[in-house]
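Each chain gets a letter, A, B, C and D, in the order it is written, and its residues are counted from 1.
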Amino acid sequence: MIDFAFVVDIVVLALLLVTAVAIARMKDLFAIVMLSGIYGLLSAAFFVSLDAVDVAFTEAAVGAGISPLLFLSVLKLTGRYENGSHSHAIFALVLVVVTGLALVVGTLDMPAFGDPDSPASSHVAVRYLEESGREIDIPNVVTSVLASYRGYDTFGEAVVIFTAAVGVLSLLGLLSGPREGGESPVRMGDHLVLRLVSEMLIPLILLFALYVQFHGEYGPGGGFQAGVIFAAAIILHSMLFGLQPAQRVARPPVLRALAALGVLVYGSVGVVSMLSGGTFLDYSVLSEDPVSGQHLGIIVIELGVGVTVASTMILIFFAFTSRSDAAHPETSR
Amino acid sequence: MILDLYNYWVVIALMMVGFYSVIVRGNLIKKLIGLNIFQTSVFIFYISVGKVDGGTAPILVDGVTLYSNPLPHVLILTAIVVGIATLALALALVVRIKDAYGTVEEEEIREIDEQ
Amino acid sequence: MMGAQQVLQWVVLLPAMAIPLLLLARHYPNIREGVSLLASITLFALVTMLYRDFTAGGSAEAVWIAIMPGLEISFRVDALGVLFALVASFLWIVTTLYAIGYMRAHAEDNQTRFYVFFAVSIASVMAIAFSANLFTLFIFYEMLTLATYPLVTHAGTAKARAGGRTYLTILVGTSIVFFLPAIIATYAISGSLTFTPGGVFAADTSPVLLGALLVLFIFGIGKAAIMPFHRWLPAAMVAPTPVSSLLHAVAVVKAGVFSVIKVGALIFGLDTLAGLWSTDLLLYLCAFTVIVASLVAMRQDNLKARLAYSTVSQLSYMTAGVLLATSTGLLGSSMHIAMHALGKITLFFCAGAILVAAHKSDISQMRGLGRQMPFTMMAFFVGSLSIIGLPPTGGTWSKWYLITGSLEADQLALVIVLMLSSLLNIAYLLPIPLRAFFPGEAHPVEGPVGIREAPLPSLIAIGITSLMCLLLFLFPQRLYDLASAVGG
Amino acid sequence: MVHLPVLQVVIPLMAAPALLLLNRPWQSWLLTCLVTITAFAISVSLLGTVYSTGTISYELGGWEPPWGIEYRIDLLSAYVLLIVSGVAALVAVASRQGLDADVATDKQPTLYVLYCLCLAGLLGIVATGDLFNVFVFLEISSLSTYALIAMGPHRRALWASYQYLVVGTIGATFLLIGIGFIYSLTGTLNMQDIAARLPLVDADRTVHTAFAFIVVGVCLKLALFPLHFWLPNAYTYAPSIVTAFLAATSTKVAVYLLIRLHYSIFGANFALDVLPLNLLFLILGLAGVFAASLVAVQQPNVKRLFAYSSIAQIGYMIVGLGLGTVIGLQATLLHLFNHALMKGALFLAIAGVVYRVGGSDLAHFAGLGRLMPWTMAAIVIGGLSLIGVPLTVGFISKWYLVLGAIEAGLWPVAGLVLIASVLALFYVWRIVEVAYFESPTALTESAREAPLGMLLATWVLVGANIYFGIDTELTRQTSELAAQHLMGGQP
């Protein structure tokens, strides 16, 4: 009997490989970026088939959304074609083959794919699946682990995003408020259809972001995904109607402060739990009932993540696009 | 045996395509795309480790007993975020390099530096 | 009255304590030089006190700090230390006197720096002399190298810097590459670095290993200038003459020989030393150095360079004395530390005096100089005799014991080498004063008539050291007593 | 007091967003100083606690390990925390003026944000007992490091930062792959738990691959020869203050990580039967020492010169590891500490020169011996320490390294280690000669002594170079106990 999932796996993996090779061989960076978006989408599909819905959601938002967007806004500044220069091709090939072979050797002693008794699935993970319902009482185990059992990693993750924001700001600067000078050239907002669609779409996206933010406990989603979606709405707005109107809504200095605040909110939960007699990020002490303490903690820290992620994404996008607006159109072939 | 592991091997092939692009390409943006593919493939590798045959997504539902392993999912959520953060910073660097050197080709930058 | 233990500590600290005073007085040359002179005289007085205490049977010790277990900075008075310290501190007085005349006459720059690093060097020498273990010795051995570096490069010219570079590279290089591993290995093998009569190694230690260790030590103590690690000594001659005189004829090189004696007698022990495979090989290397350095010295026209190679040759006498592994050889070596110091410092003083007064540094220009500088040239003659080992100078005795030691050890070849080298000494030293007084008819007196003797302080210094050469011929007993107590 | 392990990391971590909100140069500096000094005080207290009560475990989120993330402070972590936070505090103090030469005033607040993030990341790597948490904090420190380097005044800083970013990300991804293998075999991420479960796993090939990828990944970060190529540019073109910080802390943490992963997870004797790892470490270490020293001798730029010297010094640490004995490991740990002191002092002094003279080429040092006597004296003493002259910390490191080599019967290694020290003499002396023997040029003649704050920080480190070269109680004892513990003996 041919397993349906098995066929899907093979097909998706084959597509991934074709896409990857195509990316490696092509020289048109615009096409490559598009393909890399497809690569992200395909891997998201693959994640779904591997039952990793949260990851799929995130990978779709990042791999097929944010990262191609960032690439494109940079391409606008740097030019579309690479000159195709290669360096140490032989050396690289040898290195890659050796590394690959080492990895293949490494897999030989690994537990079989999908083995329910593999160590990975039978040690630490068991507790999460069996006890989180009682200890934390939210259906999405990924959220339980992410926000509570390994909440400190997620704090680190929020800090990483924050670090990237600060790093990009230190490199590209913060555009404070609308600049002097006229409105940039023709915008897509002039197209009636686009405008109408987007005017309906953007509120919907924002609403969806809120849903994802507060529904992470039950289904896939959470602060990060919500933040990305929220940012997407603002970014869409700025793409259609220009940077200045968007920046009037989301003012860069405010965004910067929000990015910092999100991290602070997250950290404060840890501090409060320390002050309440627990360890850092021990939500159980936040309320009389440990389980509702967990709920409270998770909601607040997800909020912190969402705020940091959304403001960081918007900030980073602004930082890139304000540059390309400033550059002359001719430079972006 | 081979069927048990084929998933991993394809993923390794993906990783290596990305890795190769990072090392060999002279265009800074192309390098980053390679890096992106390299990382994404590692994510697939992790998620594959967490797959349990016959299991469902780790969202607790009454009556279901077999779930996929949630821990790799959590780890990879974090790793994806790290990846996009790195990418954003790298692209900002590329923008500045383009401003400062007028090119994003490694060879040309080296030539300019040697002058 | 201080106890001997306190005196021991003051001996090391005193020169160092002079430094802030020297810096304070940097704008007042008279006070600065006064401080130097006072410090040197006090130091000598202190060392004399230690000498008295030691001859009276005292054994002062002082422990400063333990850096690691078994590695401590500590000091101890013993015969060789007293001997070395007496020589160095006495000659510091004389050299200071000499330097006052020389530096002023030469109008050198950076004189404060000069006196400061001179004091640091002397402090290091005192610490070396009284070090109670190999670790302490090594630390101050290195400190001496570093403290003398600014003195060597004092002139600041490209030539001085090149010389300084060679100086530093060879001295630090040998000590890091050979000396340090030898010390660490000694520590690893025996667990002790303390100077102990009879040595520190257990009787069952592998002789092959010990032989290799000896090679490391002898090459590592670069200040003893065994070939091929002798190049630093001629290179150091770019230094001002007082530096060459005290440091490179006395303090630094004797610190090298001193270390060799300490290692030979108190780390290995003469008995162990006698049985090693490498002892004889190194002995022959010393003999080789003695002869070759003498031959090279003959070809040098620059007086300081000739004296430098002469020092290289003489240093190997002393190292050879240790490697003979007999008590007589050790005695000869120890005595030669003092005898050679006095003789060689006299010669360097004279070279400096000639440079200051007549602005001549090449031997070929010194014919007939005896008329203008009779006193200097007479002193030079006395110094030469002492180096050669002829009566009526002190050098006679040390050479005598070295030769006796060689005979006792059945090293006839070394006896011949010593004889031969004496002849070579005569050939490259004596003609200088002789031609100065008897230029010969083919060479009428040259040069400006206005040349007179060097400044008075310098002359006094020269007088003292040459007189000492003569006195030690007549009264060698105390020196002999000290030197014969060296083996422990 | 129970919370000290997490406060050690979280205080600088939370200070970062606070600093971004504050966003004023002077106040940001003050807060950074306060934060780093607090972090140092905490690390001192942690070391004391570990000494008196043994290893500390702290359960983050209130979940016991291996289900939650654990902070685990043993002697080794406490020791490295002490170094990192100590240097960070001193560099922070010096940065008030030190930054002015390289970074525009309006960008300085951002720099302090990144500085605190970087510090928190490094401390987090050291404090954690969870393998994946290492990766997260590694990325926090790495991302902030890339941004810090890119703030250098020259455009080459951008290029250096980009190169480091690519290499660093590859390294981190290798580490991630290794962690993935380990996880697939043991089902856990807690280091203790892994160490307990790994010997029970019958999957040699996978374990070895995991080990290889982890080691290569970490070695990319620690710039082990021949994976060092990103370091010289990064150190040369970063703002001088940043260089001082990175040189003294970042590679140290990478070495720590290597030791931690090798000994605490895989065990002291792991891999020796299949992979000749120790031999490899010895060869690469020595090759690094020589190659980098020889290149250092020829560098016309002093920052670059000492960057190569850092690669050489990392080689020494790796040689110590390669000896595979307690004394060898102890030598590595000692040099970890001591090298932080040396390079901290040297790069801070150089920052002083850059501040006054405006550059760090050899030409910028002409005649400074007279014009900036205290700064140059610091460079001389730091340099002597680098060479390994007695009464400095460098001597202690070298003593143990050579003792370890001799004890292991590896005489050639001992010899080579010492010969390489002479190379250090050469490159240090090039600076000394220029500073003390050349007359000031038009470039340097208006130089004055470095500002007091910088001088103070520099000289605290110089003092530490001498103090810990004489009173070795703390470093020796800690490193010895930690080494014994790691090698499986009872502490």
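The rule is simple: a residue touches a chain if its C-beta (ideal position, glycine included) is under 8 Å from a C-beta of that chain, and two chains touch if they have at least 3 such contacts.
Owing to the predicted nature of the structure, the values given are computational and were not obtained by experimental measurement.
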Interface ranked first by C-beta contact pairs: A-B
Whole-Å separation of chain centres (CA-atom averages), chain B against chain C: 69
Euclidean distance of C-alpha centroids - chain A vs chain D, Å: 32
Gap in Å, rounded to a whole number, between the CA centres of chain C and chain A: 75
Chain B-chain D separation of Cα centroids, rounded to whole Å: 28
Overlap residues in chain A, where contacts from two or more other chains coincide: 103, 107-108, 110, 118, 120-121, 124-125, 128, 150, 153, 156-157, 160, 163-164, 167, 171
Contacts with 2+ other chains: residues of chain C: none
Two or more partner chains touched - positions in chain D: 132, 136, 139, 143, 146-147, 150, 177, 183-184, 189
Pairs of chains, among all present, that meet the touch criterion: A-B, A-D, B-D, C-D
Touching residues on chain D, where the partner in the complex is chain B: 132, 135-136, 139, 143, 146-147, 150, 155-156, 158-159, 161-162, 165-166, 169-170, 173, 176-177, 180, 183-184, 189
Chain C-facing residues of chain D, complex: 384, 387-391, 396, 398-399, 402-403, 406-407, 411, 414-415, 418-419, 421-422, 425-426, 429, 433, 436-437, 469-472, 476
Residues on chain A engaged by chain B in the complex (per definition of touch): 9, 13-14, 16-17, 20-21, 23-24, 29, 32-33, 36, 39-40, 43, 46-47, 50-55, 58-59, 62-63, 66-67, 70-71, 74-75, 77-79, 82-89, 91-93, 95-97, 99-100, 103-104, 107-108, 110, 112-116, 118, 120-121, 124-125, 128-129, 132-133, 139-142, 144-146, 150, 153-154, 156-157, 160-161, 163-164, 167-168, 171-172, 218-220, 224, 309, 316, 319-320, 323
Residues on chain D engaged by chain A in the complex (per definition of touch): 2-3, 6, 10, 13-14, 16-18, 20-21, 58-63, 66-69, 107, 110-111, 113-114, 117, 120, 124, 130, 132-133, 136-137, 139-140, 143-144, 146-147, 150-151, 177, 181, 183-190, 193, 197, 201-210, 212-213
Residues of chain C that touch chain D when the two form their complex: 65, 67-68, 71, 138-139, 142-143, 146, 150, 153, 156, 161, 165, 168-169, 172-173, 176-177, 180-181, 184-185, 187-188
